[in-house]
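The next block holds one structure in the form of C-alpha cells; read it before the comments.
Labels run A, B, C, D, E and F following the written order; every chain starts at residue 1.
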Amino acid sequence: MFYHDNKLQYTVRVDTPDPRFARLLQQAIGGVEGEIRVMLQYLFQAWGNRGPTKYRDMLLETGTEEIGHVEMLATAVALNLEGAPASLQEQAATTNPIVGAIMGGMDPRQYLSAGMAALASDANGVPFDGSHVYASGNIAADMYSNVTAEATGRALACRLFELTDDPGMKDMLRFLIARDTMHQQQWLAVIEELGGHKGVLPIPNSFPDSEQVQDVAYDFFATGIEGVEPPAGRFTSGPSLDGKGEFRLRLAQPMGQEPKLAPPIPQAYAQTEQLLGADAMSADATTSVITTDPDDTK
Amino acid sequence: MFYHDNKLQYTVRVDTPDPRFARLLQQAIGGVEGEIRVMLQYLFQAWGNRGPTKYRDMLLETGTEEIGHVEMLATAVALNLEGAPASLQEQAATTNPIVGAIMGGMDPRQYLSAGMAALASDANGVPFDGSHVYASGNIAADMYSNVTAEATGRALACRLFELTDDPGMKDMLRFLIARDTMHQQQWLAVIEELGGHKGVLPIPNSFPDSEQVQDVAYDFFATGIEGVEPPAGRFTSGPSLDGKGEFRLRLAQPMGQEPKLAPPIPQAYAQTEQLLGADAMSADATTSVITTDPDDTK
Amino acid sequence: MFYHDNKLQYTVRVDTPDPRFARLLQQAIGGVEGEIRVMLQYLFQAWGNRGPTKYRDMLLETGTEEIGHVEMLATAVALNLEGAPASLQEQAATTNPIVGAIMGGMDPRQYLSAGMAALASDANGVPFDGSHVYASGNIAADMYSNVTAEATGRALACRLFELTDDPGMKDMLRFLIARDTMHQQQWLAVIEELGGHKGVLPIPNSFPDSEQVQDVAYDFFATGIEGVEPPAGRFTSGPSLDGKGEFRLRLAQPMGQEPKLAPPIPQAYAQTEQLLGADAMSADATTSVITTDPDDTK
Amino acid sequence: MFYHDNKLQYTVRVDTPDPRFARLLQQAIGGVEGEIRVMLQYLFQAWGNRGPTKYRDMLLETGTEEIGHVEMLATAVALNLEGAPASLQEQAATTNPIVGAIMGGMDPRQYLSAGMAALASDANGVPFDGSHVYASGNIAADMYSNVTAEATGRALACRLFELTDDPGMKDMLRFLIARDTMHQQQWLAVIEELGGHKGVLPIPNSFPDSEQVQDVAYDFFATGIEGVEPPAGRFTSGPSLDGKGEFRLRLAQPMGQEPKLAPPIPQAYAQTEQLLGADAMSADATTSVITTDPDDTK
Amino acid sequence: MFYHDNKLQYTVRVDTPDPRFARLLQQAIGGVEGEIRVMLQYLFQAWGNRGPTKYRDMLLETGTEEIGHVEMLATAVALNLEGAPASLQEQAATTNPIVGAIMGGMDPRQYLSAGMAALASDANGVPFDGSHVYASGNIAADMYSNVTAEATGRALACRLFELTDDPGMKDMLRFLIARDTMHQQQWLAVIEELGGHKGVLPIPNSFPDSEQVQDVAYDFFATGIEGVEPPAGRFTSGPSLDGKGEFRLRLAQPMGQEPKLAPPIPQAYAQTEQLLGADAMSADATTSVITTDPDDTK
Amino acid sequence: MFYHDNKLQYTVRVDTPDPRFARLLQQAIGGVEGEIRVMLQYLFQAWGNRGPTKYRDMLLETGTEEIGHVEMLATAVALNLEGAPASLQEQAATTNPIVGAIMGGMDPRQYLSAGMAALASDANGVPFDGSHVYASGNIAADMYSNVTAEATGRALACRLFELTDDPGMKDMLRFLIARDTMHQQQWLAVIEELGGHKGVLPIPNSFPDSEQVQDVAYDFFATGIEGVEPPAGRFTSGPSLDGKGEFRLRLAQPMGQEPKLAPPIPQAYAQTEQLLGADAMSADATTSVITTDPDDTK
C-alpha cells in the first residue's frame, strides 16, 4: 500500500508564470512519453510480476517515485497559470488576460475544465490513454519498454528545457532529466544481469528456436524494387547479436500464394452480385489502353 | 512510393477454420503489439528521418515488409471465419452457426461490421490507435521503441502459437516469429553501430551532462517506508553502464517544498468560500480521535 | 511525494481462481467507475487545489489510499488467472486450458498482452481514459463528482460481489464496499461543512444570481407534445432547495428565432449550388401528398 | 427545439429475452454504423447547413426521427436483459443466471455499469465516438456520407435479423430495415436533384478544374510490379462519369524526387551522431552478401 | 418518439463574430461537461429506467430539452465563424482571413472538416466520447451524476461568459446558466424525495450493511507518513451522515499480506529466467551503500 | 506483398517553410478525411474481399497508391518544419524560434514528440483511429464509403489549398486533388457496373424486399410539430430511385407502445425504493401550477 508526505520530491519554482508553458508541460503529464504512463507502467509491471521478486521490488520503488513526478509537474502547471504576464497581455491587445493567454497558446481546458490547473491530458488536450501501460509479463520485453519510455521521456524533458527561460522551470527539468538518466540505466542494467544480448535474445527466449522458421530468422529482407540499393550495416552481415546465426541480406520475394477467399455466405448480406460471382459484374469491362509516359503529367 | 504484387509474403493456410482464433489474431493486426503499429511506426520513422540516410533506407525496407504482414494476418482472419466448425456448432446447441460462433468467442463485429473479415482493431474490438506510432526524431530512442514493439510482438505471436492446433496457422506463426527475431536483432544492431551503452546513453546523448542535476543521475531511490528492504542489483552499486558515474542506493526524501498555490482568480468560478480562504470553511472542524489499533478491523 | 510498503491494504485471497472473474474485475481497475479513475481524480484535485488547504490534505490522504486499491485489484486479477479450474476445462471440451478459459469469457488480452496479469483497461478491454479525471477547480462540483464516482463504484463492487462465490474475493469486496461507504460520506460531509444546499447552490455560487435569466432558473420545462402528462414532484412546486426561488412547471415553447446562417464562403468549398442559393436546387420539388393514417402501416 | 411523447415510433416486443442479443444490438446503438451516429450526423448537418434551407429542413426531420430509433433499440436492449432464459442457464451449468448470461456472451457492462440496460457503446463495449459525425459543409459529400451510414446500417440490421429468432425482434428490425431503405433513397434523391454525376462531380464542384493536375484526374494508376495484371473496368477506359474526361489505365511510376530532409536542429535533441551526419555512424558497415534463392526458406 | 420545430429554445445572436470563441464553445457541445453528454445521459437514464416511472418521465422531459441546447450552441458556433473580424485580421498581419483566424486560435477543423460549422468535439478537438454517458441503473447514483454534470456544466458556462464581450453571446449564456441552476435543483430534489442523506446513503442502499466490513465503513484513513498532520473535519468525528455510524480518524496500516504470485506458466512466454526463479537472475547482486544525506543534492 | 522505391509519387517542394501549415497538413495524414484512413480502408476492403476478384485487384492497386500519399504528406510536414520563418519570429516577439512557431499555431507535439516531423494524428493532435476503416463486406456499401472518403478528402485538400501561398505546396495539392477526382469516379464507376440505383438499391440488395415493412420503405416521415412545414422534393413524391416504390410524405406518429420495463432485479443494486415501486417515492408530489405565458421570460 502507499503513503505520502506533503512535500515535493524536488523544488518546483516558477519565477515568471507562462500559460503557454503550462500547456507544453501537459505532454510530460498525460502524453505518451509522460509520467502518468511510467507511473502506471512500473506499478502494473510490479503488481503482475511473476518469477523472482527482486524486480517486483525494484519496479515498486521506482513506480512510487514516479507518482511524485506527476505531482511535481501538476504543481508546475498550476504555478505557470498564475498571473497574466505582461508580455502576453500586450501581445494579445486585450484587457482580458485569460482571453489573451488562450489566444497566446494556453490550453483552453486548463481554464474551462480545471479552473487554472493541470489535466490528465497531453499538450494537445488528448486524454491519457491506458493502452500505453505496457506490462507484458516478459521481463526483458518490459525492460526495453521501460528504456523506451525513459528515452522518449528524457528527449521530451530536454525539448521542454529549450522552451523555457524560467530559472525555476529549468531547475526542475534538470532534476527530471537526471532521473531519466538513472532510469534508463536501471532497466538496461537488468538486461545486463539477464546476460545481455546473448542472454535475452530473442525475446521471449523461452520459445524453442527450432519452432521458428530458422531460415529467415537472421535475414534482412530488402523490399525495394529493382534499382533500389539496399542498405548495408551490422544487420546485413556478420554474426547475429545472440550468437546463434549469421546476418544475410536477401531480396524480398513472395513465398506465399495468391489468397483465395470463399464467396460470401448469404447471411453476410453482401450484394447479390457478390454471391453470384464474377460474371455478374464484369459486363462493362473493356480493354484498357495503358500509358506509361511520365511526361504526360508535365 | 509503393508497389505490390498479388501474392503473400508467406503461405497462409487454415486447415480447420476457427472463428475464435480469428478474434485472437486481431491482436496481431490492430493491437498495441500488432503489425499496423510497426508498419506505420517504421514508415513514419523513415519519412521523418534526419541525419544519415542509411537508417532511413533500412526503415523503409522493413516498414514495407510489415504491410505484407498485416496482409497475411487479415487473410488468416478471413480464412478462419469460413465455415462453421462442427465442434462449435455442437457446443452452442443451436442450428445457427453464426450465433454459435459468436457465443463461442468470435468477435461479433467481424460479422456485424465486416461480413466475415478482419477489422483494424485488437482482440477486444478496440480500434487501432495512432498514438502508438512512436517516431521521436532520436534514432536511439526509436531503436529501443522498435525493439519493444518486436519483443512484445514476438511474445504475442508465441502466445497465439499456443492457442491454435491448426498446422497452417502454426506454420504462418513460425514465419512471423522468425521475422520478429530478426527485427529485434536489427534495431539492436543499430545501437551497436552507434557505440552500444557507452555510445548512446543517456538518450538523448546530445544534452550536456553538466546541465542535469548530476548528483541524482546514478542514484536508485528507495521509496519504501521504514522496514521495507530495498532491492540490490547491478543498478545499486558499481559503475554505471555509460561509464560516467557510479550507481548508489539512496533513501528517497523530499528535497522540495510544500506546494503553495495562489487562491483562485474570480474568473475561475470556484465556490465563494474558496475565494474567501480557510476560515470560511472550517467552522465544523473538531478534534478527532485517532485509532491505530489494527485489530479494530477484525 | 509518495512512499510504499510491500504489503496490501487488506488481504487479497482467491480460493478458486476464475479467469472469468478476472475479466470482470477489470471494470473496477480501468473502468469509468474504477480505482485508477478515483486515484487520479483525487490526486489531481489535490494538486490543483486552490483555497483552504484542508481539503487539499484530505484529497491527498484518500487519493493515496486509492493507489492501494488498484494494487489490491490487480493482485486479485493475477491470482484469479492462476490455474485452470476444472469446471471451465470440462465445459470447454478442450485439452488446452487457456483456450478454454478465453472461450469461457476471460479477457484474451490478459493472456496475449500481459501474460496472465491485469491491464489498465475495463471489463471490455477498453483502455482507461484520462478524460474521466474530473478536477474542476470548484470544490463543490468536485465533491459531487467524487460522490458520483463512489456511488457508481460501490454499485459496481456490489454487482461484482454477486458474481463470485469465492470467499476470498467476497471478503476483499466487503472491504472495498465499506471504504466506498466512507468515501461517499466524506465528500458529502464537505458539502455539509460548506453549508449544504443553501450554502453551495447554485454551483458555482460565486456567479452573481442577477446575471442569469432569473425567470427560468427555477422552472421545470415540460417538452412533451400535447397529451403528454408532465411529472409532478418536489421539483415542480414549492420553494427551491437554495431558498432563493419557487419551483414552477412550464410548458416548453420556443423563445428563440429560426436560425439563419450566412451562405457558405467560397473558401469553404461547398457545392456551387449552395453558393448560388435555393433556386439552383429546387427545380424538382413538387407538391407532396401527405398521409396521416396510422393504419397504413398495419 | 425538440419535443417528445411517451410512445415508441414502432412496437418493440421481446418474446424470449436473450442477453446475448442485447449485446449485439449495442452495435446498432453506439457502433459506427449505429443510430447515435446518424442522429447526431443529420442534426449537425442541419445545424451547420448553409445555402438553401430546404435540405436543412429535411435533415432536421430525419435527424429527429433517428432519436426515436435509438430509443427503440435501447428499449429492446433493456427488454432482452430481463429474465434469465432457461437455455442459457442450462448451458452455463450454474445457479447464478447473470454469471451464466455473461459467460454466454452478454456484455458484462450492461450489468456492471448499467444494471441491466443499454450503454452508449458498440457490441464490443467501445464507447460511441463523435469523430464519426460527418458534417462537411459540402452538401454532396454529406449526402454520400449519409448513404454510407444507411447502407452499412441496413447491412447491420439485416445481419442482426439473422441472429435472432424472436418474432418481436424480427418485427422491429423489419421496420428499421425499411426505414434505412427510405433513407438511402432520400440522400441519393438529393444527388439527383443536384444533377446526378454530371452535376455534383467532382466533389467539391466549386474548385476550378483548371487548378488540379488535369493530366492525372482520370487515370487509374496500376501499382503492381511487373507481372501483375491490372484490372479493367468502367474505370479504366471510356468517358468519365462527369463527362469531362476519358478514363485511362496507367502504370504508376515516381514523378517525384527522393526526399531530402535537413539534418536535425540541435534543439530537437536527436543523437549527436545524427547531428554529425553519416560518417559518424557507418564504421561498421560491411559488404553484404545478397541471397535471392527462394528455396532457402524451404 | 421525438418531434421538433424550426425555432430555437432561446435567442442566439452574435453581434461580433469571433472564431476563437467558436472554438471555446465546442467545450460546451462535445466536452465532458457539455450538452451532448447530458442529452444522451438523461435520455439513456430514461430509456433504461426501472422502478417508478415518474423519474423516467422527468428524465425524458429534460433530456429532450438538452437536444435543443446542443442546437443553440451549434448555431452559436456557426454564427461566430461568419466574417473575419478586423481585429483578428490586423493582428494576424495577413490578407487571408481564415489563416488569420486559425492562427488566432480558431479550431482548424471547424474550417477543414466542417466548412465553418460546429463539430461533435471539445475545445481541443477531442471527439465526444460515449463513455461519459452515465446511466447506472441506480437512481441515486444517477442523480448525483447529473448534479455533477450540471455543476461542471454551469462552471463551464460561467467561464465562457468571462471570455466574451459579445452581448448576444452573453445573453445566450445567461439563459443556459439559469437552466443549469434549475437542473442542479431538480436532481437534488429527487434525492430529497428519496429521503436525503439518511434515505439514500450508502448508495446503493439495497446492499445489506452487515455484508460490508463495518469496522472501516466510517473511518477516515490517514495515509501520510510520520510527521504529516491529518486533516480534521466533519468527516473525522461525529455521527455519520446516514445516521448509522460514527466518524473516526485512523492511521492507515497494512491489514493485508505481501502478495505472492505463482511463477509464470510456460505458455505465457516469460523469459526462461522467470520460469527458473530468483537464483537465475541474482548473480550480480552486490551489497549497496545507502546514502541518506539530503545535502548530497545541493 | 509490398515493395517500394526511394522516390515520391509526385514532387514535394516547400519554398517557404511554415510550421503552421505543417499542423494543418496533419488533418490530411491522420484525420478522418485523411490518407492513412483511405490507405487502410482500401487495403482492408481488398484483403477481406469476397466475390469477384476484379474489385479486390482494383482496391489493392489504389490502396497501395495511397501509402505513397501518406509519404508525400509526411515529407511535406517535415519540410514545412525546417527553418523558422522570419515573419513568425517577428510576430512572436521572441528570440526562440520554436517558441514562436508553437505560439504561432504549430502543433507542439511535432517538436515535443517527433523532433520536427509528422505524427499519425490530425490537425488537433487527435491520434488516427482505426474505427474509421470501413470494410463492410458489401461491395456497394464500401463503394459509397469510399466516395465519401474521397469527397471529404478532396474538400479538405481544396481547403488546404486556400491556406497556403507556397507554390510547392499548391503544386502538391493540385496533384492530390486530381487523384481524388479520379478516385471518386472510380468507386462510382463500380456502382454503375453494378447497375446503378436500380441495380444496387436498397443496399444490401440481397435482403428480400418482402421481409421489410414495405409500407414505410418509401415514406418521408415529417417529425415537425403542428405548424412546421415539411420540405418537398424528389424524395417526397414520384417513383423511388430503385423503381420499386412511390415516395410519400407522411406525418410521423407513434406506431408503438409506451415502453414498460420490469422492475430492477435485486442483483442490480438499484435503490431499495426502485425495488419497492412508485409509492415509495412519491410522497412529496404535489399539484403543480403550469405556466405557459412566454412573456414570463421577458
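Please note the rule applied: a contact is a pair of C-beta atoms (placed from the backbone, for glycine too) under 8 Å apart; a residue touches a chain by one contact, two chains touch by 3 or more.
Protein names from UniProt, one per chain: A, B, C, D, E, F = Catalase.
Everything numeric in this text was worked out from a predicted model, so none of it was measured.
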| Going by the stated contact rule, which chains contact subunit E (Catalase) and subunit F (Catalase) alike? | A, B, C, D
| request: Determine, among A-C, C-F or E-F, the equivalent of interface D-E; equivalence here requires over half of the contact pairs to be the same by residue number. | output: A-C
| query | Turning subunit C (Catalase) onto subunit F (Catalase) with a C-alpha fit: angle in degrees, nearest 5? | reply | 180
| Pair with more cross-chain C-beta pairs in contact, given A-D and A-F | A-F
| task | Report, in whole Å, the distance between the mean C-alpha point of subunit B (Catalase) and the mean C-alpha point of subunit E (Catalase). | result | 27
| Where the CA atoms of subunit D (Catalase) average out and where those of subunit F (Catalase) average out, how many Å apart are those spots? | 8
| Residues of subunit D (Catalase) that touch two or more other chains: which are they? | 1-9, 32-33, 47-48, 50, 54-55, 57, 60-61, 64-65, 75, 78, 98, 111, 113, 115-116, 121, 124-127, 129, 131, 136-138, 140, 152, 155, 158-159, 162, 192-193, 203-204, 207, 213, 215-216, 219-220, 222-225, 230, 233-234, 247, 252, 254-256, 259, 261-262, 264, 267-270, 282, 284-285
| said: Going by the touch rule set out above, what shape does the chain contact graph take here: line, ring, star, complete or other? | reply: complete
| request: Within their complex, state which residues of subunit F (Catalase) touch subunit E (Catalase). | output: 20, 23-24, 27, 31-33, 87, 91, 104-105, 122-126, 152, 155-156, 159-160, 162-163, 165, 223-225, 227-228, 252, 254, 256, 259, 261-264, 266, 268-275, 277-278, 280-285
| field | Contact footprint of subunit F (Catalase) on subunit E (Catalase) as seen in their complex | value | 1-6, 47-55, 93, 96, 98-99, 102-103, 107-109, 111-113, 115, 121, 124-127, 137-140, 192-194, 199-200, 203-207
| message | List the residues on subunit E (Catalase) that touch subunit B (Catalase) in their complex, please. | response | 155, 158-159, 162, 213, 215-216, 219-220, 222, 225, 230, 232-234, 236-238, 247-251, 253, 255, 267-269, 282, 284-292, 294, 296-297
| Of all residues in subunit E (Catalase), those that touch subunit D (Catalase) in their complex | 1-9, 30, 36, 40, 43-44, 47-48, 50, 57, 60-61, 64-65, 67-68, 70-71, 74-75, 78, 113-121, 127-131, 133, 135-138
| query | Quick one: in the complex, what on subunit D (Catalase) touches subunit F (Catalase)? | reply | 3, 5-12, 32-33, 54-55, 57-58, 60-62, 64-65, 72, 75, 78-79, 82-83, 98, 111, 115-116, 126, 129, 131-132, 134, 136-138, 140-141, 144-145, 147-148, 150-152, 154-155, 158, 161, 174-175, 177-182, 184-186, 188-190, 192-193, 197, 201-204, 207, 211-225, 229-231, 233-235, 240-242, 247, 252, 254-259, 261-262, 264-265, 267-270
